[in-house]
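What follows is a set of structures to go through.
Two complexes, one shared chain (chain A), two partners (chain B, chain C).
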Partner chain A sequence: MNKLAEWQLTLPLALAFAAIFLAPLLMLVGVSFFNDDKITEPGFAQWAKFYGDPFSYKVIGDTMLLGVKTVCATILVGYPLALVYLDAPQRLQKVLIFIIVMPLLLSVVVRTFAWIVVLGREGVVNQLLLSLGIISEPLRLLQTELGLVISLTQIEMPLMLLPLISVMSRLDPNLRDASAALGASRWRTLFTVIVPLSMPGLVAGCLLVFASSTTAFISQTVIGGVRLIYLPLLIWQQSLVVFNWPFAAVVSISLLVSVLTVVSALSWLGRRSGGYVHG
Partner chain B sequence: MGRRHSLADLSYGLAIGTLAVLALLIIVAPVVIVLTTSFTEGRSLKFPPTGFSLQWYEALFDPSKSRQIHRAVSNSLEVAAWSTAFGVLFGALAALGLARSRNRLARVADSFFMSPLVLPGLTFGLAALMYFTLMGFRPSLNLIIAGHMIVTVPFILRTTAASLSQLDPALNDSSQSLGASWLYTMRRVTLPLIAPGIMAGAFLAFMASIDNVPVSLFLSTARTDMLPIRMWGMMESTLDPRIAAVSGVLITVAFLLMLIMEWTVGLTRRMRE
Partner chain C sequence: MQSTPAGRTLDVEDLTVRYGQALAVDGVTLAIEPGEVVALLGPSGCGKTTLLRVIAGFVRQAGGRVRVDGATIDHLPANQRNIGIVFQNYALFPHMTVAENVAYGLHARGMRGPEVLAQVSRFLDIVQLGGFRERLPRQLSGGQQQRVALARALAVEPSILLLDEPFAALDRNLRLDMQIEVKRLQRTLGLTTILVTHDQDEAMSVADRIAVMNRGRVEQFDTPVAIYDRPQTLFVNGFIGTTNLLNGRVAALDGGTATVALDAGATLRLPAPTGLSTGAPVMLSVRPEQLALSQVPGPESWRIERGLSLPLGAQLVHEARTTDGASLKIVEPRRASPADAARIYCMLAADAHPTLFPRST
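Up next is the complex of A and B:
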């Protein structure tokens, strides 16, 4: 079989993607340019409605901010864990990677449910704080942004850790020894050697966590509740409750565009920092 | 290490160590807590649980009381099995087709096939709902299978491509120069060598399908209920304690599968690559 024939092996998947991936997405864009929910009258009314409403900008802003906060939280606790993994003996590394990957195979719904048990009025956190006498009334943690960010930190953590660990394990250990031998403290080695060299993994992790947390519908609705409104909830309401498909299409295109904008900005930054380090 | 750094190094160890322990606690504790709570004797999901009983597991396995949950489980398994089967077929073929092409088109095709991983799933889910409805299809498991295949095939493509890139091209060439046909080489040389990669991808795709929310949310109906959507319903209004039992079962299954995959194809090693 020659080269041309081998290339043809991609055709079945390419056709499937054209028919059930590309075509629906194009249709989504088409539907957004209809004024009425019966999809009969073409026009820009739904776009004007969404972008003429200050509330929309608040929802977009809140959704992006939720992603940023989750990314920061996963870096804050995930990066140190990756450092510990790097220094750990091989046996411990195997246990750690198992613990890190395992939640990834566990349903997001189960992980979300777990946080209801942890953060609820009668949950672990409140029971603990009450019994220690730190608080006298149960704290309200569910249906707050703080509770949601804490939960998403656990739910998205593997997505940060896997790319980080994969890049960090390829670092030359001599670099750290050299830095120490030249008199740098461990903090200085961390910020001038390890962090810049692990930047590609860090950026990849940020991308995945951001994209996943901004669209985490179940966690957002169950832990955030109905008072915290993010784009996914708006899409669900408009399409499956109100049945205004054109408006839902506008919102979901907006979600797509805002997520992809941040993601491409991040990966551009990642490439730039990568170039800086090796240059 | 100089003495003047001992204080800085001490603070380093303390800060990094504390945060890492916090990370492990955040990852592990909720899972352990849910598992413990599922055996509660009480009617609410309090921690620590009051007493020990299997009442919620009994309720969950009762065929008449939990009929809806059982149907959602069987739907989810059916969809995952079929979408993975199609994904393996199409995905492995595509990976083989792209493996030795280095041109621009091949790279574009590759990122196109991987794009469901970064694209917000809800956008595709809604698009698929509109598309299938406006094309006149009635809601069915087949449509969910098609949707799941799209969003899970990237896992199969990635692991298959990774094992193909580690394949020594000399093996292929020597097999062909010894007179073996392309198909024979594929069957006796290439496929056996990349089989663990395909298996690992199929496993990830299967799990992603079982866990999928965004596509199922839009494509499933009361008759074609899927497990994650049913579980969402069990948490949304009043908390149904059987969900703790469902979670207990899923945690156990994930743990066992993880052990099996680790022993057979070295899953964690593949995921780090």
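Up next is the complex of A and C:
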């Protein structure tokens, strides 16, 4: 055997990463410190412009809030679904996992346009509610945050469910029986045993859904329209419409930093609760 | 809640459990006395764990009843049955400390404050884990985890204690210690206890009575000694202890006594089970320690071909083969026997009580 050190085997990948990931990132940071869109005059003008404008804070806030709302919705729908999955007989589990993974098998564009059909003025949701007499005129769902959160919830659901199911199916089924035998009701068992023990999966799911929904440019623009402005749309406008690359770079770095902040806070929480799984 | 739970009776009546088409438990009836330890013993898949899970309320039966102190508990969900259970893998809550695990059932019953602390301390002291209150389960050894599981099950003062293969995961020496400890606790508390096991030594040493199960049915429900000495079915006979099987035929029947001609070449007079007829093929089951070797031929002994002799502790195990090809094991106390090689005849020992079973040909 050659005396090739093991770390040397990672070199090709490391070089590829440096070339296609790290270098552009450094260039992005560099570009942000130019005052003009021709990238000729170094300075902090673009940073001052972005952070001097109250509108920027609103966009950052809206983007983070969109992530938080989507995370909450995926938990509310996904957690019961994970419980149903675990209790289901094996044949049904196979069907369920197929349905759960399905959104990942479709292109983002197709999924998003499907939601336009579902949520539109003449869409399935409005037709149903109208015919049931629950509403008298069509609801506005497209180009609203509610419609966007609904569609993102479906689109991001696999990212919540897969880690959740993988952690929960490793839990000892006897724990539930032990809890019942000790006199605990189903709800007590859920909140004192199952939820705490599934924390690592829940945190991982939140992390993925948050990172993915805050940066979901296509869904945000196609369903939210141009009136709902989130950071990805701002970046697109500045870089490809206005061609102000330094400003776009500032917005990109802001998006990266805000998402990373939330994600690292979440993963810190995850590490704190992670030790219980293999008790 | 009384401070010392008195033993309750547990009656299982004609219990049947179906998994799809298969019968997991098939018409089982057991009457268990207050304070008794009963072992459900059988090979894996015999329905013993399913029976336990029905009693605990985790599995619904297709038919039959379970009564505690005469009252049926079938309509109650598991969390209202007040039946304690210790699982094979202990199923301790891994995110809770030892004290929190033991307090769990007390909190679930609405007990609060100093009462809980007192009860937790009492039962941790009983299982000798007073100093481990703040540890997490993964910081404990297997034996300690089991004692926590035991304290957790006992702290709620259950009416019945169920043990599902509780010693299987422990190593040999620890297993014996824990068996003694469980037995001691059970005696002190006077708790009616059911132990599921596939280990016959464990059933023999811990239980007052053993229910030997096979294919969802109870084959025999009796004291360990009776099950060992007077197995009622061929299955029990083969499952408990080691045995020698000899083919033969009923030569004559005289009241309760059968004269049996062994294929190995001896004629024995034995107490006959009911339902035998003259000329019927039978199988004679006799324990290795109930056979003896002799150098003198006789009508009640048969010729054997000696094999290896192995010392096993204080005993000597002889292997042998009969003229009709059955292999035998004979156990004797170890002592110097000058004419050992000449002892080529086998016979029943003086106090032997072999069992006759009808044999299908």
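Simple rule for what comes next: the second predicted complex is superposed on the first by the 268 of 279 C-alpha atoms of A that agree within 3 Å, B and C clash if a C-alpha of one lies under 4 Å from a C-alpha of the other, contacts with A are read in each partner's own complex, and residues count from 1 in each chain.
Simple rule for what comes next: a residue touches a chain if its C-beta (ideal position, glycine included) is under 8 Å from a C-beta of that chain, and two chains touch if they have at least 3 such contacts.
Owing to the predicted nature of the structure, the values given are computational and were not obtained by experimental measurement.
Participant: Pick one for A:Q46: touches chain B only (first), chain C only (second), both, or neither.
Facilitator: After superposing on A, A:Q46 lies clear of both chain B and chain C.
Participant: A:V31 contacts which: chain B (first), chain C (second), both, neither?
Facilitator: A:V31: touches chain B, not chain C.
Participant: Which partner does A:A180 reach: the first (chain B), the second (chain C), both, or neither?
Facilitator: Both partners.
Participant: If you count the residues of chain A that each partner touches, which comes out higher, chain B or chain C?
Facilitator: Touching more of chain A: B.
Participant: So in the superposed three-chain picture, is A:S213 touching just chain B, just chain C, both, or none of them (first/second/both/neither)?
Facilitator: In the superposition, A:S213 touches no partner, neither chain B nor chain C.
Participant: Using the superposition on chain A described above, determine whether A:L105 touches chain B (first), chain C (second), both, or neither.
Facilitator: Once the two structures are laid over each other on A, A:L105 reaches chain B alone.
Participant: Could you look at A:S169 and tell me whether it touches chain B, chain C, both or neither (first, second, both, neither)?
Facilitator: first
Participant: Contact-wise, after the overlay, does A:S198 reach chain B, chain C, both or neither (first, second, both, neither)?
Facilitator: neither
Participant: Give one of first, second, both or neither to describe whether A:T70 is in contact with chain B, with chain C, with both, or with none.
Facilitator: So A:T70 meets neither chain B nor chain C here.
Participant: Mind sorting out which residues of chain A both chain B and chain C touch, each in its own complex?
Facilitator: Looking at chain A, the two contact sets intersect at 180, 183, 185.
Participant: Across the complex, what residues on chain B touch chain A?
Facilitator: Residues in contact with chain A: 1-2, 5, 8-9, 11-13, 15-20, 22-24, 26-31, 33-34, 37, 44-48, 86, 89-91, 93-94, 96-98, 100-101, 106, 109, 112-113, 116, 118-124, 126-132, 134, 146-147, 149-150, 153, 182, 207, 210-211, 213-214, 217-218, 227-228, 231-232, 235-236, 239, 243-244, 246-247, 250-251, 254-255, 257-258, 262, 267-268, 271-273.
Participant: Give the list of chain A residues in touch with chain C in this complex.
Facilitator: Where chain A meets chain C, its residues are 172, 174-175, 177-185, 188, 192-193, 196-197, 273, 276-279.
Participant: Taking the touch rule as given, give the residues of chain A at its contact with chain B in the complex, in rising order.
Facilitator: 1, 3, 6-14, 16-17, 20-21, 23-25, 27-28, 31, 39, 76-81, 83-84, 94, 97-103, 105-118, 120, 122-124, 127, 150, 153-154, 157, 162, 165-166, 169, 180, 183, 185-187, 190, 207, 211, 214-215, 217-218, 221-222, 232, 235-236, 239-240, 245, 248-249, 252-253, 255-256, 259-260, 263
Participant: Which residues of chain C touch chain A in the complex?
Facilitator: 53, 56-58, 77-85, 87, 89, 91-95, 104-105, 108-109, 136-138, 152-153, 156
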